[in-house]
Amino acid sequence: MQLSREDLLLAYRRMRRIRDFEDRVHVEFATGELPGFVHLYAGEEASAVGVCMNLTDEDMIASTHRGHGHCLAKDTDATGMMLELYGRKDGICGGKGGSMHIADLSKGMMGANGIVGGGPPLICGAALTAKTLGTGNVAVAFTGDGGSNQGTTFEALNFAAVLKLPAIFVFENNGYAETTASQWSVACKDIVNRAAAFGMPGVSVDGTDFFAVWSAAREAVERARGGGGPTLMEVKVPRFYGHFEGDAETYRADGEVAALKRDHDCLKIFRGRVTEAGLLSNADLDTVDAEVAAEIEAAVALAKVSPLPGPEDLVTDVYVRY
Amino acid sequence: MQLSREDLLLAYRRMRRIRDFEDRVHVEFATGELPGFVHLYAGEEASAVGVCMNLTDEDMIASTHRGHGHCLAKDTDATGMMLELYGRKDGICGGKGGSMHIADLSKGMMGANGIVGGGPPLICGAALTAKTLGTGNVAVAFTGDGGSNQGTTFEALNFAAVLKLPAIFVFENNGYAETTASQWSVACKDIVNRAAAFGMPGVSVDGTDFFAVWSAAREAVERARGGGGPTLMEVKVPRFYGHFEGDAETYRADGEVAALKRDHDCLKIFRGRVTEAGLLSNADLDTVDAEVAAEIEAAVALAKVSPLPGPEDLVTDVYVRY
Amino acid sequence: MPKKTFKQALNEAHFHEMRRDPRVIVMGEDISGGIGASGEMDAWGGSEGVTKGLYPEFGPSRVVDTPLSESAIIGAAVGAATTGLRPVADLMFADFLGVCFDQIFNQAAKFRYMFGGKAVTPVVIRGMIGAGFRTAAQHSQCLYPIFTHIPGLKVVIPSNPYDAKGLLIQAIRDDDPVIFLEHKLLYGVTGEVPDGAYTVPFGEAKVLREGGDVTIVALALMVQVALDAAELLSKRGIEATVIDPRTTSPLDLDTIVESVEETGHLVIVDESSPRCNIATDIAAQVADVAFHALKGPIKMVTPPHTPVPFSPSLEDLYLPSAERVAAAVEASLRTRKGAA
Amino acid sequence: MPKKTFKQALNEAHFHEMRRDPRVIVMGEDISGGIGASGEMDAWGGSEGVTKGLYPEFGPSRVVDTPLSESAIIGAAVGAATTGLRPVADLMFADFLGVCFDQIFNQAAKFRYMFGGKAVTPVVIRGMIGAGFRTAAQHSQCLYPIFTHIPGLKVVIPSNPYDAKGLLIQAIRDDDPVIFLEHKLLYGVTGEVPDGAYTVPFGEAKVLREGGDVTIVALALMVQVALDAAELLSKRGIEATVIDPRTTSPLDLDTIVESVEETGHLVIVDESSPRCNIATDIAAQVADVAFHALKGPIKMVTPPHTPVPFSPSLEDLYLPSAERVAAAVEASLRTRKGAA
């Protein structure tokens, strides 16, 4: 399989949408208008999109506290998400979830997660459903380098391997868990070195290279769909912002972020690659940029004026029936 | 360092004490006199003793639900243990703990544990104490093959490696977690294959060979004492009885246990080795056998007539002060 | 009606629902037993044999043995539930919640609310509770107050074979996450159990005995203790109503309040540790909404604030006894309103 | 006395005890911050800066940054406590108990009892609690009823800077496992805090205000809500006693009962979920031992039985308000005994 022109445009649009969404949230948060804990995915776009371009709406993903990118890569509505971040009644979760709990089951997005390591066991479940019902679907858990040290994650790896589940464990190593460097906290340095402990194939890719991520994920997805069991993928990505919005980031070296933005921006790299290869033109990409910018602008404008949930919403949605 | 004649006699005595203790508990349980859940260590003696012969009373161990052998290998009093199993007031835990909760901190025995995977995190703590206070002590977690799949265990491995703790993780692979075969449940087949996932040295030994266990443990203990960090040891052992007393064991192949007892009995193997090498005589060993038999006999006799705890004991020992 | 044990009743409930709905699966450690080994499969059928016989009929795709990894087991059950299956996961001893609690209380319980009503998580988590089995502090706890505390969970605690079967079938058909707790000492208890499938609704207490002097509320093993106490009291001229709530979340407070409005006295027997437990929960609710009806103090009969001891001599003292319940009733009746 | 924030008070307590006793260590994720990275160490001093400055003074052997592995962190703290250190472990959000609860409730809490009184486990586990921070369902829970339920744990919940410092010093010097819970919305609150070290004993409630008409009990952030309600009520001619138990295990029931004996009315304000919580716990105990003194129903003011919502508009409704507390007091006063 090759990526068509439409695929490339879609991939770019999704990455661009993530970037713009996050850059804008960064700005809005700084003005104090956005409540809560917000963790931005800027810089890591090629990972989510590279993986999810291989998935259908029936393939499930589980995300993390840094979930906006995974949602958007799975085509969750950006406007609904922005409204959710603003705690609005018409937000994608009715304003009840917020940044860390965005889910869109209709798109195969099982939820961001405020608990690090919460997703991998859940993804075993989605994969078990696929296997039991013979749907041919796959399930993907996104986890960070910090989350790679959480017991629930390790259990899920072994569980998926033993039961030969159609699951893929994508570890986005962005160098940090909050302030803690992954080269310190992951005893084996590279997370991919853990694949053997679970008897599963492992692959490490440069997460600034959309094409590298896409093809590694493609192989893993095909193996999973074909009954070949789970794969561990480590994707090395830069983190452009702080751990959360408001982080002073003094634990990072001076100039570290500037250099990452300059030399390791997956969007710039993508643009360079596709234009040099003559697959897309700069004009094509500029059009996408403009469309996405307008989309995000409109989303924020709507979010700011949209109604808040009211007292009648407080006690609904706890149970299906009680 | 070599094992002296006294060391060899001590090692044999401890292994024999475990075997006799367990064989006797097996009999007593069958008569219905012993209450509770009892998991016997018979067949695995060379593992506990081979490891613990390298330890002092200041070195801590954490054990499992199958803890009698680890306790006795660390020189916990067999009579106090037998009284505990009978729920007696003079039991080593006042009758409050029973088989799954025997501890003897004065001997460096931090407790059997009813929660599979409970011990490895605790051992990180004992190792942290040793490191922080600079005592040169080491700490050892015994875990089973089933427990090797528990998230708490994985976390402890990484934690110990990252903090370079003087810890040793001994995985006693006896082929089963209850009825579940370890070759099925451990995705990488051999637990030792997990060492690399935590950047630590791993070693696999035949647990029916006391000398193999002893020297592998010795190397790990020396490394830990010297500041070289943790080691993962897999010890392959046979399980002579059921998972717990009362287990019909239909999941085992016909003749499996008989063959294990015949060909893989660490006591027989030890006797063969030391007598052939002229290190100890059969008479030496027979004397130990007789002494141990008398000791266990006396322990059971005492346990049967010893007083039970009374109402005044029910609410003590919850807090130091409340 | 045929007599069956509590264990058989639970076993039948599994068969009915697995035959009825292909989305129902069971999973857990040794849930069939013997996987990967060279002897028999279905060697155990769960640690107490509750799921015995399912494997031969439904095979490995619906009777899923697992590694020893509770977070993965429960998390997978939860994830499978949100994606179309109806898993019944066996936690074995409820005491093991400590290694997988996040998947229960932060994930399963909260999905529906956090996701604005879009998730449905029809998972059943079975666990054994209770003392008396001589299994000491880490295998004898009740812990249902913890589950009951968490919004988003339903908590079911049967006390007899009939209810066990009907409540488990209801739990499996229910669309919310259900914690289903089985007292180990009840497995061997027998009672009349229909052969067919039937449900017992959640949130409907059962009145086991009627008497006008005092209301005794009890769950699980304590129901029998309460009934025994009622017999003792009856001989002393005191007639008790005994109520088994059967589910603590939802709780049928109305039935309790109605009874207290008649009797004016309430005694709650709860095997769980005394602080923040079901006894305090019910007592407090009654002291609010039915205060006007109370003629004496609300008494709670519970174990002491200690871990469960191993020694049979201590464990027997630990558990509430009929005699202690009767004494509590008498104390409440003695201290009538205004008497102090 | 100098004015300090709640956060500064906690920070000082750490300094005092670490200087005083070399066995005291702190550990947790980002407890100093920046480990292995190329920028500053002590970058955060814990996620809220409570442990800031310890690293420069005490260094890595006593200020232990850890991987993201709560079971290992808490288990290691517990194991270190039984072997001679006095660790203060930071769980960050108490909501994370789900991934490490076993080490707290089956290990630390039970060692002493299971081992027949031979173990001493002087560990402090710090965790943030409470809503109002716009952090949604998995980062806003109180959960202290769960800890309070477990025999073997002590549970400390300060409501002001003075108590925060004194209670934390007591917690560190205490020989039992202590769960120390900090409400996030209190960190910035200021109050008078002595510069030196002092302790506030466990199990001694603080009476913050005296009034003869009703007793209001509240914890943590709810103490201020209760005081605000008392002001509202005072304007309406109702005088309230406000009591902060400060520790829920042990609980100073005597002070509450003494007050109820005077006022005859009890209202408990509890930010935790309503079932099996501290409000029910205290209500039930009072409805037993002080029944004779009650002149009206015991009222509990709590959030609804729902997860904590994200949207500020909902979260503000979720939290008990002074107005709701005042209304509950009035309801109790209205429904006097015999009135119905």
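The letters A, B, C and D name the chains in turn, as written, and every chain counts its residues from 1.
Basically, a residue touches a chain if its C-beta (ideal position, glycine included) is under 8 Å from a C-beta of that chain, and two chains touch if they have at least 3 such contacts.
Note that the coordinates shown come from a computational prediction; the quantities given were computed from them, not determined experimentally.
If you take the mean of the Cα atoms for each chain, which one ends up farthest from chain D?
The most distant chain relative to chain D turns out to be B.
Measuring from the mean C-alpha position of chain A to the mean C-alpha position of chain C, what distance in angstrom results?
40
How many angstrom between the C-alpha centroids of chain D and chain C?
Each chain reduced to its C-alpha mean, chain C and chain D end up 30 Å apart.
Just the number, please: Cα centre separation of chain A and chain D in whole Å.
35
What residues in chain D touch two or more of the other chains?
67, 69-72, 95-96, 98-99, 102-103, 106, 113-114, 136-138, 151-152, 304-307, 309-310
Where does chain A touch two or more other chains at once, residue-wise?
In chain A, 91, 93, 95-97, 101, 113-115, 149-152, 155, 158-159, 162, 184-186, 318 touch at least two other chains.
Think of each chain as a node with edges to the chains it touches; is that a line, ring, star, complete or other?
Chain contacts: complete, every pair touches.
Show me the residue ranges of chain C that touch chain D in the complex, using the header's touch definition.
Against chain D, the touching part of chain C is residues 71, 95-99, 101-106, 109-110, 113-114, 136-138, 145-146, 148-152, 248-249, 251, 272-273, 275-281, 283-289, 291-294, 296-300, 304-307, 309-310, 335, 337-340.
In their complex, what parts of chain C are in touch with chain B?
Residues in contact with chain B: 29-30, 33-41, 43-44, 47, 65, 67-72, 95-96, 98-99, 133-139, 304-307, 309-314, 317-318.
If we count contacts the way the header does, which residues on chain B are in touch with chain C in the complex?
Interface residues on the chain B side: 35-37, 84, 87-89, 91, 93, 95-98, 100-101, 113-117, 146-147, 149-152, 175-186, 248-254, 256, 308-311, 313-315, 318.
For chain A, which residues are in contact with chain C within the complex?
Its residues touching chain C are 60, 62, 91-97, 101, 103-105, 110-111, 113-115, 118, 120-126, 128-133, 139, 151-152, 155-156, 158-159, 162-163, 316-322.
Taking the complex as given, what residues does chain A use to touch chain B?
Interface residues on the chain A side: 149-155, 157-159, 161-162, 184-189, 193-194, 196-200.
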